[in-house]
């Protein structure tokens, strides 16, 4: 294997996801990377294709009580419950620093009504210094929360269309895997005007403390992420990429470059690393290097050529 | 901890699941335990609460091509594709031996039309020497297969009702987790007249061979089982047990007695071990001993008292 | 803060095996930076199960040898895997993390420990002593054998007052560490560093409420990132105006001003 | 068949490290039962990742010492974890599993191996030799260094004819094992035991089709249970009437009559 620095010259890492151009396909996932500063000392931000920021809501939220985390076999349950400073504070205290990040910053918005989403979309524009807006219609943690938008195609279409009408930013629809048909949800998002699909959010799960005889999470149920869910995520990327003509950001259990390549071959144009950062804070760098070396080895000159190779007939 | 032999005298292990009485709550899962003979040398059949037999269909099936298995982080993808000898051969060659099994034998039936299920239900009765009939409406492996029954409540109700009308055996509805609302599916099964609910079947997943750039499984997608899916399974048992007034057989990722207790506390009346047998062929025995010791330690005199303890208010 | 593969120089059980306490000495690069009360986030396995890192307090700092000591109790799967690591092998470590204790420059420092809450306190005692602070340890445990297994001799070797309580009365005052504190004639003012189970820390905080002591408590919570990014590890704080906010145990803590902490976790 | 915790008596790399071949000797109880061509199903980790057992052929049987030898190539995650097991430690093992080769009582036995397909053949050679059978090995590998690393000396120590081919011509005939067979003047009749990659076994089966040799092939397939219960490991067989059926590699095999095997996996 060649040293990665040399490769960087030869492999084209830039990827275009509709209106969103990223310098490379390796992003970090919302809720796992704060507002972009926490990992900077360990993982140079400028090497990342982009950072998806912690999800925000119109009003500040304290989120759920602890315990918020429970480890499961090769997985992690979380019920953070959308703790965030709220839209106003995000704009005044965080956005100035976010604008300075030397990579694409993607805001992630969650709401409890169409109006919530509209309010945030209106406030977040290209002029805000963001690269895109990810619409989380799938957060499974909040009672009476985003879940409804994420499991009903008509609602999903409605909320995406409403957001799209308000912002000039590329709109990413982030889908929940807790549905009978992920393709139906992706098609709804496409009808709503989404520019990009991202998936998967977490699978609804739970874990019980058998000595205390109650759920480990204070919120009882939480969202499952990490390597355990990867086969489900890859399957959904595979299905959606063949059914819907929108670029996909694939995520769910990526720890290594091999995992990332799996998503690209399944049909993703970029990948996002979430829980993997907790295991290895430098994971995104190793993944980017690994993808480039893989391209080199397979005689591929641009990372974008990998997208969907596992199902595309001619390559 | 006390030696298990002594405990067996003091803890009541018998569980009643509606019309089905099991000597203890530890079953083996369909498709992982053949027709009950394969493990006998390692795991004495008479110690098991019951054996769920490999799924059968009206006609013999060769199943899917290989590879049929792919290991994933803490999980296993399979696409056996319902290979089985067919109803006739099952009755003539296997049932005579099944009748002799010193434990409850549960047949598992899969079909591609309501008529398929009816045909099998008609042929399998109490007089066949079976203890119950598990209706697999959820096998995700077969194209145009059971999936439809397993994801649409009305179809599920219809097929369960049709089976119930034909057999005098207790009817177990085995649910697929690949749905937006597992509660809606369980309610449909209840309306159809199911005596017992079993869940979960496998989660639809896939894994890609990045060097060959194609899915590992010949069938592309497969069903995910093993510890990776346990949090999803426990969550579904938790939800269904609180919403539907039917006994539940819980399964999905059980390897140890701790895992099994988690399912009981979540609301299951019995548990089934599938993939866990591959890891430890004696797993069911250790699980039964562990459950008994747990009861002892927690001052519980009957295993049945554990059911739903994680959500029931007064215990 | 660094991510590094630390080499294990010593590793083994400590004291009576029934208490399952282990001592792990690591050769690392970042000893200079380490402050008392900080912790490291350890990768205990190379596989994906257990998946997450495990937070362990820094229980000893040797800047000359570039070594840190960790003391831990075997609890579940993660610490069990950790016990199998052998001297000479490497462990991937993220740290030092978090804000440590305030090291007083003079006056009196009370260290109040419950059980294995003793572990992060030794480096604080050593730094304070070096500055001429009067250090006083109050430590409650189950019995004498536990206290000895959890490193009592390290403390007895220091030039400080060591008072202990045991639930069974086998050593020191019979009772818990609160009983011990109540028996003690308090100094006029000073600092308190407390570490132990949440209810114990809440009680100690309450105990010093009306005094001139400034209490700092080292909290524990399940952690994901260890860096303040995932919001998995929060505690609840109440500022002087009574407004609630979350603190990140990994980044804003693990040490917090005790009077700000809302001890009731139901929020 | 037994489930037992076998004690590792020897374990280490064999030959040139680039071929990543390891030799593992285990003290077990069930040596009496073992037949040439059978395999064991090994639990390589105590955690849940990797989850499944790994099937490895029995490459040596020492009934006096109650030991079996396994030879394996480091391939992926499972075999990588396995390399870390140390002598003195225990490995949980299920076996011996499957139906082995037919051991001829007289006449000629050809052993045909491709690459590491050599591993399960040694016990068969030894048993056949002990019965007075004429044994002849045909073994194809990449080059001399590979053959030496994969245990050529074990074979040279036997009283049998050993013929090899190498792709680079560094030893024996240049080419693959088929080229080697073609150069050989066949005996009138006898038995053939073949193990190697599927296409190679298909070609060998084809090669002997019109002869009086009865060919047995040892197949490989991904396994779940190892006991015939999960139907994960099937191969496709065609009986004399042309009817297709599945065979379980773990239970009905891994050794099958080559002429029954449908080598095209697309069914």
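We just call them A, B, C and D in the order they show up, numbering each chain from 1.
Methods note: a contact is a pair of C-beta atoms (placed from the backbone, for glycine too) under 8 Å apart; a residue touches a chain by one contact, two chains touch by 3 or more.
Bear in mind the structure is a predicted one, so any value in this text is a computation, not a measurement.
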{"item": "Chain D and chain B - chains in contact with each", "value": "A, C"}
{"item": "More contacts between chains, A-C or B-C", "value": "A-C"}
{"item": "Farthest chain (mean CA position) relative to chain C", "value": "D"}
{"item": "Centroid spacing, where centroids are CA-atom means, of chain C and chain D in whole angstrom", "value": "55"}
{"item": "Separation of mean Cα positions, chain C and chain B [Å, integer]", "value": "46"}
{"item": "For chain A paired with chain C, centre-to-centre distance based on mean C-alpha positions, whole Å", "value": "36"}
{"item": "Two or more partner chains touched - positions in chain A", "value": "73-75, 226-227"}
{"item": "Contacts with two or more other chains, residues of chain C listed in rising order", "value": "48-50"}
{"item": "Touch-based graph of the chains, sorted into line, ring, star, complete or other", "value": "complete"}
{"item": "Touch list for chain D against partner chain C, complex", "value": "45, 47-50, 77, 81"}
{"item": "Chain B partner contacts - residues on chain A that touch it in the complex", "value": "72-75, 77, 151, 178-181, 203-208, 210, 213-215, 220-221, 224, 226-232, 234-235, 238, 253, 258, 261-262, 265-266, 294, 309-310, 315"}
{"item": "Complex contact set, residues of chain D against chain B", "value": "1, 3, 43, 48-53, 78, 94, 221-236, 244-246, 251, 265-267"}
{"item": "Chain C partner contacts - residues on chain B that touch it in the complex", "value": "73-74, 227"}
{"item": "Partner chain C, residues of chain A touching it in the complex", "value": "31-34, 38-39, 41-42, 54, 62-63, 65-71, 73-76, 78, 80, 83, 218, 226-227, 255, 275, 277-282"}
